[in-house]
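Everything below concerns the one structure shown next.
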Amino acid sequence: MLARTYSPSPEAVARAAAAYQADASPENLQQLQDAVEPPRQELFRRLNMAQGGTAALVAMRGLLLKKLKANPAWRTIDADLMHLLRSWFNRGFLRLERVDWHTSAMVLEKLIRYEAVHAIEGWPDLRRRLEADRRCFAFFHPQLPDEPIIFIEVALTRGMSAQVQPLLDMRAPVAGTSGADCAVFYSITNCQEGLRGISFGNLLIKQVAEDLKREFPSLRRFATLSPIPGFRAWLSKKEFGGEEKEILSRIEDPAWHLGEVPEALKALLLRLCANYLLRAKQGDEPLDPVARFHLGNGASLDRINWLADSSEHGMSRSAGLMVNYVYWLAELEHNHEQYFKNHSIAASPGVERLAREWR
Amino acid sequence: MLARTYSPSPEAVARAAAAYQADASPENLQQLQDAVEPPRQELFRRLNMAQGGTAALVAMRGLLLKKLKANPAWRTIDADLMHLLRSWFNRGFLRLERVDWHTSAMVLEKLIRYEAVHAIEGWPDLRRRLEADRRCFAFFHPQLPDEPIIFIEVALTRGMSAQVQPLLDMRAPVAGTSGADCAVFYSITNCQEGLRGISFGNLLIKQVAEDLKREFPSLRRFATLSPIPGFRAWLSKKEFGGEEKEILSRIEDPAWHLGEVPEALKALLLRLCANYLLRAKQGDEPLDPVARFHLGNGASLDRINWLADSSEHGMSRSAGLMVNYVYWLAELEHNHEQYFKNHSIAASPGVERLAREWR
Amino acid sequence: MLARTYSPSPEAVARAAAAYQADASPENLQQLQDAVEPPRQELFRRLNMAQGGTAALVAMRGLLLKKLKANPAWRTIDADLMHLLRSWFNRGFLRLERVDWHTSAMVLEKLIRYEAVHAIEGWPDLRRRLEADRRCFAFFHPQLPDEPIIFIEVALTRGMSAQVQPLLDMRAPVAGTSGADCAVFYSITNCQEGLRGISFGNLLIKQVAEDLKREFPSLRRFATLSPIPGFRAWLSKKEFGGEEKEILSRIEDPAWHLGEVPEALKALLLRLCANYLLRAKQGDEPLDPVARFHLGNGASLDRINWLADSSEHGMSRSAGLMVNYVYWLAELEHNHEQYFKNHSIAASPGVERLAREWR
Amino acid sequence: MLARTYSPSPEAVARAAAAYQADASPENLQQLQDAVEPPRQELFRRLNMAQGGTAALVAMRGLLLKKLKANPAWRTIDADLMHLLRSWFNRGFLRLERVDWHTSAMVLEKLIRYEAVHAIEGWPDLRRRLEADRRCFAFFHPQLPDEPIIFIEVALTRGMSAQVQPLLDMRAPVAGTSGADCAVFYSITNCQEGLRGISFGNLLIKQVAEDLKREFPSLRRFATLSPIPGFRAWLSKKEFGGEEKEILSRIEDPAWHLGEVPEALKALLLRLCANYLLRAKQGDEPLDPVARFHLGNGASLDRINWLADSSEHGMSRSAGLMVNYVYWLAELEHNHEQYFKNHSIAASPGVERLAREWR
């Protein structure tokens, strides 16, 4: 019914369009604008006025997205919900809050449930991630008081982390923050399926970096330790010949990294990964979705880390490799523009060199 | 520049409109929707993301409205700001708060400044209006924490007030609330010029009535004591003959009400006022703007009060008359629908009779 | 050093005492008061002024109590700390707060750690105890913001609970509260070892009962489901002859309650328990410490429940029996006075009868 | 009744005193302590447990102090109230809060009412004192949420203020704080008559100085601009001869300062004032109460200011002179100890020289 009855009337649209073609006056434009706005939007606006309305609409879009493939006609409903939610979840209305052990259990249990990058194994694991050498921040919306919209987990470290398992070890001793010179963003999770496609991560990372810089002036570097979700899928589609093929065949064994790893394999994988990140494209942008996100934000591709995520998941999707993207606050704007104007990628000389060492 | 450069391109709109006329597909509709949305809206959305952005946009529209007459081309900018502000100041995002002597001076001084119906003469006057036998409520928006959007002043009384001066007397003794059976809404003020045309009053009155009912179950009646701003202007445009003309001529003397008033004058004014409120129209709705507001909300016109506002202002615009509109919670919905479907006005038998007694 | 150097000077005390004996003037009294106040108290008062001072003094008394037996000279230090803490933890300064899933993890984890009556087995167990059919309240002190002083757990039930295991079952379905007519206090825990001997429970129970009565007017009864910690110890010291001895010998088997239990054993245990509670004394008060607490508060001994706590702990200290003490708000004052004036115990006719049925 | 019935029993005290003289055991000491504590204290402790109890007891002492002269027997009641209130209003329980235009009208109107040094002439005057170039801080107690205990007014200035009228001018333009190098404490008021004799000012000034230093690292100096309440009273009791007598006779004319003032008069008054402050004593401490307060806190007497308070009040009590006492944070402790051990006063060389220039 939403898709049929609450859509704009084609006749009215046609009439207003024709009038506007005949005379492009402001009045005719206004009437055309009115004619093309689906009555659904007004319905959704009124629902949003009720107690709990915002939460209900977010949930409704969550459901809709799940069944969109089976119901392509719903795409037009989705467009309207998206339009409105984007307006209502405008950055201006979001509140950045630190999440720590003073936060309510209501919110904390949602972190456990939502965490999408490195699963949180219950309360003791969560607690370790909120200790004095860590920070966690989330955006909240006034209408969804107990619901994080997006959250990010940060480790305050000495030197830029090259491996994720030590960060996830819930028995790791709590470090002092006085010597910390690096903030490592090791996990970022969008919580609301119903807000898919509305981007908060960019704003969250930048504000968190600025806030941390104020709290810890000794921080020199804000870096992620990020997965490379598409690397092995890309690898498996590539044709390799002769020696390379043989070297790479070893990683078919799920335990390949447990014993000694031939230097040639390590060198080849690092070079291939640099190529994947810098040259594999989807349109004009990198093929890798995480690379697209951070590079589009203006971060720079700083380092590829060997055996950085030795979990089963990490091995199977990126052969254990991970990337540090660095957010140099002074260069974000410039990088961001270069990325969208010229599709150029900011990368460290080391990664550039690695990429050149293959083909 | 906003009106010219940031308007939709007539060519693009024409092209999309033509495509849609040729084939009314969802894709073509979407493209037409995109084409007719002025780029201004995206600019305003981005401004709204900055610290203080919402307040700046509200102020910008305030300025724009002031100069709209001189700049008719700005009307199109206004339409976009209105569209966005209506979405961002959705009832769902407003917070109803009681305002009393615990409220910050920052907010209280704004009540003094904004009050538009019965001016507040400084802090002692304000204080009296916040005593135990009064209530004041306001809507606030999360982005404008120290700015009331709209506020309403209520007196808890025994019996429905027929005169406003006793309510405004700052030396009046504070009454107990235990015997109160009526809540009199004696002042309601929209505070933000930049939100003109976005209606909050209806929702405010209804929620306040419900909240008061919960706090004071003994309240039987929720009524306004309202001005009749257009009465004398309407009267002065009417032609009267013979006796009526002579009777009415007395009110040309600004002091006409101070001595004894002839019964005939009183009777005539009350009947004329009932006619003004029930029969004088602007289109299908009452000519009087306050009547339009309350009757459209579903209230009923209960009583016209003689010498109810003897201030200079009250005498000059409504010959001292005021109206009680009553909000019967159980009938609001029904009245509201009748009003908008059949243009019928809910009025008490007494007011109906008065109206019939003339012509 | 605290015990020696910071004690009152015997000479000064003797001098002031002699002066007072010679002339009982207000000035001499004042000087005697000053002379007998140990300088420790002033030291503690000054420590209390520092950031974190209150918490440090509470912790200090906790340590001191642990080692008091080994250091009897410290008793005098304890008396001073007790005197000051009693003043600083005056009911007037405590804040009653509801504890639920909105409470900070910081506080919730302390409930898990402190719970002394029915251990909380981790976060899921805690969560069940904070669901909609339960209430938990705690006293907090402004100087110890994240530290509960005492907390109580309540189940809202239909009928007065006779068994504790169903209340502790973390998989029990959450009940509606609309039909609830009884609030069962099933656990009360003093959290601060350093405040031992300063009584908060009485005030907590009464205020919680009053608050619940306001929130749920349908509640008719406020009752505990309490352990009888001294019953089996008392039983084991008693001499029984002939048949009774034989009947009672069965409970030596730790599994005695698992199969069918002879009616004679049940009847005998219930009668003995009634006798224990009503007649076994320590001075003028009941020997059982839980009975002393609730009866002293003015509650009445309403019912002894068979196989009410079948946990190992419950079987070994009270043969599985538990008591409902009922807090009839209107009778508390009267019962409390009778208890302290005449050492009389308020008990239901049923319990009185049981007691009479033995010897 | 409080003075008679609730006093310690002289017999019991005598008995306990005798027992203690015979055997100075801890038990006998404890019994003596119990015997000398007036039952009043327990009564007051219980009153303090009731809702509003603390406020009632503070008010009770306020009344008592007013009538103490007429009822010397109440002195003993006062001693008990003082003892308890000192414990309950321990610094540890007080909350320092900034007072500004965000503060509730409830609290702000109390500042207007209580201000004891430089009267606040209504809301606009108060508002000026809370602008961006000013600070106001108060201590609050959890049991008296809307009642400031003591408050202090501070101006952020460039250079140390030598005159008070510019600070009190409510039309003075608001200065920027970026160039401020001095915080001038120009008014400090104890609000609760019932807490007279319990000192908060010392702690308030020091904490405010530390907090301001953190907020404005550019502040170099924390100074008061203080009255010299006893100067002219002291002057009038002194015998002067010949020339001095003649010079001083001029100040009998209330308008003496309005025209040109002879250099000799100025020089003489400054020297006499330095002598008054440094050499006039009450016991071992300065005769001037304000000097006693700040010097006892560890401040140093930095400068005597000519025509610093030209109000009628300022002229009549101190011939228009005022003092800057400077709080050098690093020297407070040392000065404080010297003051109480050796009765030595920290003063600047300039003030020392002035004092030496007379007699």
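Here the chain labels run A, B, C and D in written order, and each chain numbers its own residues starting at 1.
As a convention for this text, a contact is a pair of C-beta atoms (placed from the backbone, for glycine too) under 8 Å apart; a residue touches a chain by one contact, two chains touch by 3 or more.
What you are looking at is a predicted structure, and each value in this text was computed from that prediction instead of being measured.
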Self-check item: Graph separation of subunit B and subunit C (steps between touching chains)
Solution: 2
Exercise. Looking only at C-beta pairs in contact, point me to the busier pair out of C-D and A-C.
Key: C-D
Exercise. Express in whole angstrom the distance between the two chain centres, defined as the mean CA positions of subunit A and subunit C.
Key: 53
Self-check item: Distance between the centres, which are taken as Cα means, of subunit D and subunit C, whole angstrom
Solution: 46
Quiz prompt | For subunit C, residues contacting two or more additional chains | solution = none
Quiz item: Classify the inter-chain contact topology: is it line, ring, star, complete, or other?
Solution: ring
Quiz item: Which pairs of chains touch one another in this structure?
Solution: A-B, A-C, B-D, C-D
Quiz item: What residues on subunit C touch subunit A, complex-wise?
Solution: 101-106, 108-109, 122-123, 127, 146
Practice problem: Spell out the part of subunit C that touches subunit D in their complex, as residue ranges. | Solution: 7-8, 10, 13-14, 17-18, 20-21, 24, 26, 29-30, 32-33, 36-37, 45, 48-50, 53-54, 73, 75-76, 79, 84, 87-88, 90-93, 95, 142-143, 203
